[in-house]
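Labels run A, B, C, D, E and F following the written order; every chain starts at residue 1.
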Amino acid sequence: MLVVSAHAADFVWRAAGAIALHTAAGGTATVVCLSYGERGESGDLWREPGQTVEAVKTRRHAEGQKAAAEVGADYVPLDLGDYPLEVPAEAMRRLVEAYLRTRPDVLLIHAPADPFNPDHPVASAAAVKARLLAMGAGGVPAAFPTIPPPSMFAFEPHQPDQCGFAPDTYLDVTAVFDRKLAAMGAMASQAYLAGHYRQRAEQRAYQSRYLGAGAEVRYVEAFQRMTPELRDRL
Amino acid sequence: MLVVSAHAADFVWRAAGAIALHTAAGGTATVVCLSYGERGESGDLWREPGQTVEAVKTRRHAEGQKAAAEVGADYVPLDLGDYPLEVPAEAMRRLVEAYLRTRPDVLLIHAPADPFNPDHPVASAAAVKARLLAMGAGGVPAAFPTIPPPSMFAFEPHQPDQCGFAPDTYLDVTAVFDRKLAAMGAMASQAYLAGHYRQRAEQRAYQSRYLGAGAEVRYVEAFQRMTPELRDRL
Amino acid sequence: MLVVSAHAADFVWRAAGAIALHTAAGGTATVVCLSYGERGESGDLWREPGQTVEAVKTRRHAEGQKAAAEVGADYVPLDLGDYPLEVPAEAMRRLVEAYLRTRPDVLLIHAPADPFNPDHPVASAAAVKARLLAMGAGGVPAAFPTIPPPSMFAFEPHQPDQCGFAPDTYLDVTAVFDRKLAAMGAMASQAYLAGHYRQRAEQRAYQSRYLGAGAEVRYVEAFQRMTPELRDRL
Amino acid sequence: MLVVSAHAADFVWRAAGAIALHTAAGGTATVVCLSYGERGESGDLWREPGQTVEAVKTRRHAEGQKAAAEVGADYVPLDLGDYPLEVPAEAMRRLVEAYLRTRPDVLLIHAPADPFNPDHPVASAAAVKARLLAMGAGGVPAAFPTIPPPSMFAFEPHQPDQCGFAPDTYLDVTAVFDRKLAAMGAMASQAYLAGHYRQRAEQRAYQSRYLGAGAEVRYVEAFQRMTPELRDRL
Amino acid sequence: MLVVSAHAADFVWRAAGAIALHTAAGGTATVVCLSYGERGESGDLWREPGQTVEAVKTRRHAEGQKAAAEVGADYVPLDLGDYPLEVPAEAMRRLVEAYLRTRPDVLLIHAPADPFNPDHPVASAAAVKARLLAMGAGGVPAAFPTIPPPSMFAFEPHQPDQCGFAPDTYLDVTAVFDRKLAAMGAMASQAYLAGHYRQRAEQRAYQSRYLGAGAEVRYVEAFQRMTPELRDRL
Amino acid sequence: MLVVSAHAADFVWRAAGAIALHTAAGGTATVVCLSYGERGESGDLWREPGQTVEAVKTRRHAEGQKAAAEVGADYVPLDLGDYPLEVPAEAMRRLVEAYLRTRPDVLLIHAPADPFNPDHPVASAAAVKARLLAMGAGGVPAAFPTIPPPSMFAFEPHQPDQCGFAPDTYLDVTAVFDRKLAAMGAMASQAYLAGHYRQRAEQRAYQSRYLGAGAEVRYVEAFQRMTPELRDRL
C-alpha cells in the first residue's frame, strides 16, 4: 500500500485506520509526504515565539515518522514545500520512483477537489499522474519500467460535502482504532483535530448501519474508489 | 442474487454472465421480469403474419424461462405490460415480496437513465424503491418484515455512454461464457443481438487490461455499483 | 416539425423563429399545446373583473391559433389543464397519436428541468416518453405502428441558466423575425413578454459572433440538442 | 417559516435550530409533517409486543407536537402514510393550502435526492411543486390566490455526501441549542439519534472555522439554498 | 471589496454595479487587473493604423482607471500580459499581497470555466488560489500573515449558459446604475458592449420577478456564490 | 480540417474515417501529432532487444506519415515527447501557427478527460487553448492574426464511458472504411488495436439504428461536439 499525503499529517486523520488494517494483515505500507505542511498546516507550532520554518520541519518530520510507525508504515518525506505545494518535473520523477520501488496494490490519495485547501488538489493530481506514468498504457511494453495498475482510492477530505466527495467504500477500522488513536496522538502540533476525527469515525460507523453493519462496527473510515475494479464474482 | 429486468430478455444480454458465475459458485439466483417486452421488444416475432400479443407473450415466456435456466436462475414474470411499463402500487407490493422471499445479497438492476428506452428507467426506479421498502431504515425495527441491505449494481445499458453509465466493476465471465452463449441462444426472437453482445464482452475484456487483466480474461461484463460497500480491508 | 408546448404561448417566445424557418422552406409544422395555460399563465386576462376559466381558455385558444398561423403551423390543443399540468395514460395516447400522424423529422420540446415552473418539466418528460413510445426500439418491428426517430431539441427556458440549459445549437432567425414578431403580437394577454424575447434574440445573436456569425445575423434562437445526430460529414 | 417534513421527526434532527432561531427572533413557524413515519421510522416503538400502527401514530403525534412546541412551531400533520409516502392530488391541494395560509418567507424542505430513503425525495418534490403552485408565474395574476416567492432551503440529509447535498449556508444555532436538545429529547422513540445529531452540529461548527467562525460558534446546522437570492448588497 | 479582473474591462461589464453599491454604502473597493487585455480584448483600438501594444496598454490603463473611479474603486494593474495570461509564482505573490493589504470581506472573481476565453479561467483559478494562500487553513496560525476568509462570488461570464454559470445571487443595482453607465462609458475601446450589458441588466431584472422583485427593480447583476455563507438567521 | 493527436497513432483509431470522408469530398486535412508516443505507446517495438527512443521515433514517424497519407492528410509531428507530454509556451506557439496556417473549419481533438492516460488530457487542453489564442475574442480586431472559429469535436477515447465521453455526433464512415483499414494497417507497432477498433465501428453502427440508420450503415465513428453550432435550419 502506498499513501500520497500533501502535508505531514493528512494521512493520519483520514487513512491511518486503512493503513493499520493493511499492515496488521501482514502487508507493507509506505507514506509519501510531499511536504511537511510546515508553513500552512502546523497549527500550534506557530504560536511559539521565534519559531522558524526549519524548526517546524524538524518537529513535523518527527511527528509524521512517529505517526507512520504507529500504524506500521514507512515514512518518505519529499520536502517540496507547502502553501503553495508545487510538483515540478524532478519531484514527479521522485514520486514515480516511489511507485516503482514499492509496487503498491492499493494507492491512497487526496480527493481531486478541495475548495478549502490550495495544496490538496495539487497532491491529488500529482499522485494520479504518477500512477499513469508508472503504469504505462494498459500493459503494453514501454521505454521505461512499469508496475501493474494499483487500485486507487481517495481518502476523505476535511470537508467532504464541500469537495464533491462521494464515498463508496466504508472501511471498518474498529479492530485497529487504537493504532489510529496512537497515530493521531503523535501529531502534537494539531492535537485539536484528534477529537474531531474520532467523532468522524463514529459518524461514519453510524452511517454504515444502512450498509448492514451491526453495533460491533464502531469506527469507520470512508473512501471513494477512483479506478474500476476487476472482480471474479459480484 | 436477484435480478430485476424490465423485459423478458434484458437480463440475458447484460447480466447472464454474472448470474452464471453466482450459481456456478453455489449461489441461488432469481430473475424478476416486470414485463415480457411483448409489444415493443420482441423483434422478429412481429414479422409473422397474424401475430398476437398473447402468442408473443407465450413465446417470450418460454424463451425467458429457458435463458434463465441456462444460467441456473429462477424466472419470475410479473407480466405488467410494456411500452409503456408501469409499476402501480399493487405491482410494487409483488416486487417487494420477491425481495422478502429471496433475501438477496446482490441485486442487479437497470441503470437509472436510458434516453433510448421508455421502460428501463421505470424498471430501475421501481427496483430501487422496492429495495428501500424491503430494507426499512438502517436496521431499525419497522411495522413490516425487512431484509438486510443487498448490494446493488446497475448492469450495462444497450448504449452505455448515452445513459451516463460509468462502469466501476468489471466482472470476468470467461469461465461461464458458454452459459451466457446458451442463454443468448435461447432468445430466438432477438437473435440479432447475440453477436453484438459477444463483441461487447470482448471489448470490455480488452479494456480490462488497464485494470491488470491478462490475456486469459476474454469476456467481461461491466457494472456500476449503486450502493456503498462496507469492507474490512481495502 | 412537431412542437410540444406546455401552455398556449410557450412555443411562441422560444421557438416561433425555428417554426417559421421550417415552414418558409416548405416544411409543415404542428404545435401541440398540452394546456392553454389558462389558470397560471394568462397574465393580464386575470386582471379583468368576472373573468372565468372558460373565457380565458377561449381567448387563449384564439391567440395560440393566431400565433401558430403567423408562423405557418397547425395548432392542436389537448386542453389538459395547467398548474398543475398532468399527462395521464389517455392523454399520452393522444400525444403519441399526434406523433404518428405528423411523422416529424424535428421535434421541439421544453427543457427537462425548470425550477421556476411546475408544468414545463411535466411537458418535457411527456414529449420525450411519447417519442420513445412512437419510435419503438431501434427500428425493430413492434406490436404498434412506429415512426422513424425524429431529432429532438429543447427550446430555451425562460431562465436558461437556472435550468441547466446548455445551448449547443444557435439558429439564425433573422430572415423570418417579422413572422416571430407577428406571432408574439398575437399573444395579447402576455404582451409584456414580447420586448423581453426580442432582446433575448438580440443577445443570442451577439453571442453568435463567437461562432462566426457576422453583423447580418441579428436575431437568434438557442436550442439544446437532446438526441445524437447521424451525419455523413463533420 | 414553513417546514415540510416527510415523517414526524425529520424536522427535529436537521432543522430544529433554524426554527428556534426564527421563533426566538419573533417569527412564526409551522411544521407540516406529511406522515408520522409510523411504519418505517418509529424505531423502538416496534420493539413493543402487540404494537399497532394506530398506537404508533398516536405516540408519534404527541412526540412531534411536543418537539415542535419546544422550538415554538405549530405542528400540522397530514397523515399521508409512509413506506411508501405518496402525495396524490388531494394531498397536494392540502399542502398548497398550508402555503397560502402561512405565507412563509422561508421554506425548509428535504434535499431532492436520498438513495437511502424511499420517502424523502417524494416529500422534497411535493414541497417544491406546492411552492410553484402557490406562487404562480413570476408575479403575474392567476386564476388562484398566490403568495410572494419564499426562499427555499434544503436541510441536511442523514447521509449528506451520499445524497449530493452541497451545503452553502451554515447557520449558527449555538444560542438556541438548548431548544434543539429539548426538541430532540421529545422524540423518545428515536432516542438513539440525539447523540448523533449533537455530534453533527459540533462537526459543522468545526467546519465553520473555514468561514470565519470563532470558538464561540459551537453548534451549526447546514443547509443548501434551493432558490436564488435577491439582495441589495453583496 | 476586492475584484480580480483578467483584463482591463472585465470588471466593468459584470460587476460595476456591485462595486458602486459597495462604495456608495461607504465601503472601499479595489480592482486588480491581471492584464490590460491589450492584445486580445482591446477591440477598436486595433483598427487604428500603426497601433502598438504599448500604446494600447496606455489607453487601456487610462480607461480602466477612469471606469474604476466612476464606481469609487482603486485600480491596481499587474500588467501580466494577455492571450495568453499566465500567473507565475512571482505574480501570485503580488496578488496575495493585494489580498493581505486590502483584507476584503467580499471577493469578486471570474467564473471557473469559460470555453470562449483563454484567460478568464486562468484568472479565476489564480484568484481562488491566492485567497487560500492568504487565508491559511481554517484560522490556525501559520508561517505567514493571514486574513479572515472573504466571501467569494463569481461575476457573470459573457456567455453564462456556455460556462456552466448558475447564478444564485441577484443584486439590485438600480440605485447605482448611472454609475455603471458611466463606468461602461469610460471603456471607449469596447463601446459596442455597453448596450449589450445594459440589456443584460434588464433581462436579469425581469428574471428577478420570480424572486419577488417588483417593477422598481430595473437593473440587476447576477453572481454565483463560490463559498458557503455563515449566517445567524435564515 | 485539423486534427490534434497526442501520440503518433491516436488519430488513426478514432478519427481516420472522419478525415477520409473530408478529403474524399475534396477537403484538405492536416494531422498535428504532439509526440510520437515513442516511450509509452509504441507497444511491440519495445519488445525488440536493443531498442532505442530514436529508433522508435523513426519508425513511428514513418507509420504515422503513412497512415495520414492513407486518408489523404498532411502529417505534422511536433516531437514534444510523451509520458509525460508537456506543451510549454514555445510549443503552444507552434501549435497556434498550425491553426493560422491551415485555417480549419473543423477541428478534431482528444476528449478533455481520460483517467487512463497521462497525455491525452494535456493534448486536449492544449488544442482547446490554441484555438482560443488563434481566434481571438468573438471576431473583434486583435494584436495578432486570427482565424474564423472552427467547429470543434472530441473524438472517441479508448475507454469512452470511463472518460465521461457523451457522443452526440455519429458519423457514417462506411464509404471510406477501406481507407481507415489501410491507415490502421500502417500502424504496425500497435497491430493489436486494429481489430478492436473495427469492432468498435460496428458497435457504433449498431447503435445508430436508434438514430434512423439502416442496414447499409456498417461502420460509424462517434464524436462529441465541443462548440455550439450556428445553423440556418434545424
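Quick note on the criterion: contacts are C-beta pairs under 8 Å (C-beta built on N, C-alpha and C of every residue); 3 or more make two chains touch, one makes a residue touch a chain.
This one's a predicted model, so the numbers in the text were calculated from it and none came from an experiment.
S.K.: Give me the set of chains touching chain D intersected with the set touching chain F.
M.R.: Per touch definition, common to chain D and chain F: A, B, C, E.
S.K.: By that same contact rule, can you tell me which chains touch chain C and chain D alike?
M.R.: In this structure, the chains that contact chain D and also chain C are B, E.
S.K.: Where chain A and chain F touch, do the two copies share over half of their residue numbers, giving same, or under half, giving different?
M.R.: Different: fewer than half of the residue numbers at the chain A-chain F interface appear in both copies.
S.K.: With residue numbers as the basis of comparison, which of the pairs A-D, D-E or B-D duplicates the interface of C-D in over half of its contact pairs?
M.R.: B-D
S.K.: Compare the CA centroid of chain B with every other chain's and tell me the farthest one.
M.R.: E
S.K.: Using the stated contact rule, I'd like to know whether D-E or B-C comes out ahead in C-beta pair count.
M.R.: Between the two chain pairs, D-E has more contacting C-beta pairs.
S.K.: Farthest chain from chain D, going by the mean of C-alpha atoms per chain?
M.R.: F
S.K.: Would you mind pulling out the distance in Å between where the CA atoms of chain C average out and where those of chain F do?
M.R.: So the centre of chain C lies 37 Å away from the centre of chain F.
S.K.: Using the average of all C-alpha atoms in each chain as its centre, how far is it in Å between chain B and chain E?
M.R.: Spacing between the chain centres: roughly 52 Å.
S.K.: Residues of chain B touching 2+ other chains?
M.R.: Within chain B, the residues that touch at least two other chains are 116, 137-138, 162, 167, 210, 227-228.
S.K.: For this entry, which pairs of chains touch?
M.R.: Chains touch in the following pairs: A-B, A-D, A-E, A-F, B-C, B-D, B-F, C-D, C-E, C-F, D-E, E-F.
S.K.: Within the complex, which stretch of chain C touches chain D?
M.R.: Residue positions touching the partner: 38-47, 51, 53, 56, 83-84, 115-118, 162, 190.
S.K.: Which stretch or stretches of chain E touch chain C in the complex?
M.R.: Checking each residue of chain E against chain C gives 116, 158-162, 164-167, 196, 199-200, 202-203, 206-207, 210, 222.
S.K.: Okay, in this complex, where on chain D does chain E touch?
M.R.: So the residues of chain D in touch with chain E come to 1, 18, 21-22, 25, 106, 108, 137-139, 148-149, 151, 153, 167-172, 208-214, 217, 223, 225, 227-234.
S.K.: Across the complex, what residues on chain D touch chain C?
M.R.: By the definition above, chain D touches chain C via 92, 128-129, 132-133, 136-138, 140-144, 226-228.
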